[in-house]
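I'd like to ask some things about the structure below.
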Amino acid sequence: MIHITRRERFNAAHRLFREEWSDEQNLEVFGKCSNPKWHGHNYELFVTVKGEIDPETGFLLNLKDLSLLIRERVIEKVDHRNLNLEVDFMKGRLVSSENIAAAIWDELAEGVRKLGAELHCVRLVETENNSVEFYGYNS
Amino acid sequence: MIHITRRERFNAAHRLFREEWSDEQNLEVFGKCSNPKWHGHNYELFVTVKGEIDPETGFLLNLKDLSLLIRERVIEKVDHRNLNLEVDFMKGRLVSSENIAAAIWDELAEGVRKLGAELHCVRLVETENNSVEFYGYNS
Amino acid sequence: MIHITRRERFNAAHRLFREEWSDEQNLEVFGKCSNPKWHGHNYELFVTVKGEIDPETGFLLNLKDLSLLIRERVIEKVDHRNLNLEVDFMKGRLVSSENIAAAIWDELAEGVRKLGAELHCVRLVETENNSVEFYGYNS
Amino acid sequence: MIHITRRERFNAAHRLFREEWSDEQNLEVFGKCSNPKWHGHNYELFVTVKGEIDPETGFLLNLKDLSLLIRERVIEKVDHRNLNLEVDFMKGRLVSSENIAAAIWDELAEGVRKLGAELHCVRLVETENNSVEFYGYNS
Amino acid sequence: MIHITRRERFNAAHRLFREEWSDEQNLEVFGKCSNPKWHGHNYELFVTVKGEIDPETGFLLNLKDLSLLIRERVIEKVDHRNLNLEVDFMKGRLVSSENIAAAIWDELAEGVRKLGAELHCVRLVETENNSVEFYGYNS
Amino acid sequence: MIHITRRERFNAAHRLFREEWSDEQNLEVFGKCSNPKWHGHNYELFVTVKGEIDPETGFLLNLKDLSLLIRERVIEKVDHRNLNLEVDFMKGRLVSSENIAAAIWDELAEGVRKLGAELHCVRLVETENNSVEFYGYNS
């Protein structure tokens, strides 16, 4: 079994807040990340898949296909977007890195299977100091 | 003469657009960077100052003072902010990297002089692929 | 379950040696790292914790709290310090990266639990070529 | 148990192709990576080993020995080489990152054992966007 | 005046050698970089241009246009190629980083002018330890 | 004219202080960098030289020769050393980054000339946030 990781990037605006809370409450829990006028990040997304090496190609899968899948299902929806207002798969979810990573897992798991591999990890790097990893629901 | 560079970072939302243009016109010129619902970046700011080494301290200036100046005049105003809506020194300016860098120069030049050095360069890194450098008005 | 990683940094002096050995013996085993007059590093510390996402906040835990814990229990004790002479949690231990990582685990495990998560990994990067990871005593 | 990772680097030429296929077939499957006149990479190799800390030295193993092993068994054979034509351990194998990583595992596993540790992971970074990890045959 | 830098990347094979010299002579002068079977690199290319900020757009120039120019004139010719055998603008030139950088300057200078800016610097990073900068023929 | 930059690294201990001052005075001016028990850094050293490309080799100079010069004159003297106590070229100088960079210039300028090039810049990176550049005495 081999693991392959593909990095893609996107730049987006977001805000941490609960609609039913006041700005003050949001500020208390989420700090400056709750700024009602938004802030943003250069997100780095590392998608790791696993499976057996195909002896004919020497590949687990064709990285171009994986890149295409990530772009179609994730990057095109989030790049240069407002993650709270414009991204279907974040509707109704608090836009924390934890939730973004889990939602990206949901976007990709089925497509990775169709490419003949298994999704292993979605890693989302928000800043050089902060990152999250999601290994799926049975991990 | 010696050059010293201090790096600071900030995360912010912004949008490239001209108010008097339609969204379509803005989209044509600025592409996805004109998204009316904003996007954002992890900006890296490199401030380079120059001058003579003080023989008593071995310093051009105390980097803590330079860091403090950058934080007071720039980072506190832009970090986790919307650069179009919330930053006094960007009011009325198109929020391009070029203009941000020039505006940061204006914020810092006087303060650097008071620290006994001369501002040499403001470098702003918007993404790993794009950056700008401003060397002042006589360069 | 989600994993979150926080990076903190510290700059410190240290030396690899056994007190009961001569400088020659130490040099033979530890090489130039045993220099009696010390050397030092910019250490990068990556602390990974795991647990369930809190549906109210979208967080595993508040990264500010994790950062504060790491700073109080580790960074304040080691930053700009001599790891052999000045750090309580390294007293009596050989100051190798392996032992530093294990000792940092001991400093953090209880506090992470109080924040509602579980310590998963302490990764210490000594140079761009050398790093260690400690996953706890049952790993 | 502790994990230690050593990074080494090499620059090499390679080509993805099957000898029994035409250039057109190779182009279809492997894209521009099948260029008959070769292309190349700066490869980064991260070798992770695991084991118990030796209480006498504070080491899992001496990183100099690990570095020497990697250089003798891998780097000297691949650095500034053509991976398809000049590397004994890639003879008869398709020169994909997956296969290179697995072959490097075979080169190192026994030697790591002799150093008193166990090989845990071979990670090969081909570009800033693409990397593979091999954890051995029972993983 | 403002400076803008765009990074692009390419992966290529090359060899340092003089055709009229024997392999031994080439080995003596160029070392392992003269390997007749080629080696390769992940090259990073930083193109810096300078000029005045357009008050209407806040841009020196549109970075998409600069990126397009670099891709058309350079990246498409060199990416996944053999720099000695397949690149028109390197024909008859020794394929050193110095010469590649100067040749890329020749490819780009006119096009940058047509975009309304002036080419300032071509920086080529061959490895994390080695890079060259070419500032044009009058520098 | 072309510029070439070579990176080398060293790990060292140091302390900012004036012998004739008390620890309290030193603490006031130099902060935690004055710790009498030392601290340390992973220093990155970027040496830039300039000159004409040799048409026979395509080189400004052979980077191996430049690397060798830097290692002999600088790295061997400072790596895994105490910069205050063990480095001849820092004797009697305050061990600030500014002074280290200038002293390294003095170590290298003559040797670079003998290699047929001219020393252009010594850049010393102390941390990811702090660096200095020295361009010589006439800059």
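Think of it as A, B, C, D, E and F in the order they're written, each chain with its own count starting at 1.
Operating definition for what follows: a contact is a pair of C-beta atoms (placed from the backbone, for glycine too) under 8 Å apart; a residue touches a chain by one contact, two chains touch by 3 or more.
Remember, it's a predicted structure, so these values are computed and weren't measured experimentally.
Peer 1: In this assembly, which chains make contact with chain B and also with chain C?
Peer 2: Touching chain B as well as chain C, we find A, F.
Peer 1: For chain C and chain D, what is the smallest step count along a path of chains that touch one another?
Peer 2: 1
Peer 1: Starting at chain A, figure out the least number of steps needed to reach chain E through touching chains.
Peer 2: 2
Peer 1: Just to confirm, which listed pair, A-C, A-B or C-F, duplicates the contacts seen in C-D for more than half of them?
Peer 2: A-C
Peer 1: Taking each chain's centre as the mean of its CA atoms, which one is most distant from chain B?
Peer 2: The most remote chain is D.
Peer 1: Does the chain C and chain F pair touch with the same residues on each side or with different residues, judged by whether over half of the numbers are shared?
Peer 2: The interface of chain C with chain F is built from mostly shared positions.
Peer 1: Roughly how many whole angstrom separate the Cα centroids of chain B and chain E?
Peer 2: Taking the mean C-alpha position of each chain, the two centres sit 29 Å apart.
Peer 1: Just the number, please: Cα centre separation of chain A and chain F in whole Å.
Peer 2: 42
Peer 1: Two or more other chains touching the same residue: where does that happen in chain F?
Peer 2: As it turns out, chain F has residues touching two or more other chains at 128.
Peer 1: Between which chains does touch occur?
Peer 2: So the chains that touch one another pair up as A-B, A-C, A-D, B-E, B-F, C-D, C-F, D-E, E-F.
Peer 1: Per the contact definition, I'd like the list of chain B residues that touch chain A in the complex.
Peer 2: Touching chain A: residues 9, 11-14, 32-33, 35, 37-42, 79-82, 85-86, 127-128 of chain B.
Peer 1: Using the touch definition from the top, list the residues of chain C that touch chain A in their complex.
Peer 2: Those in contact with chain A are residues 1-8, 48, 53, 56-60, 62-64, 67.
Peer 1: What residues on chain C touch chain D, complex-wise?
Peer 2: It is residues 16, 18, 29-31, 93-99, 101-102, 128-135, 139 of chain C that touch chain D.
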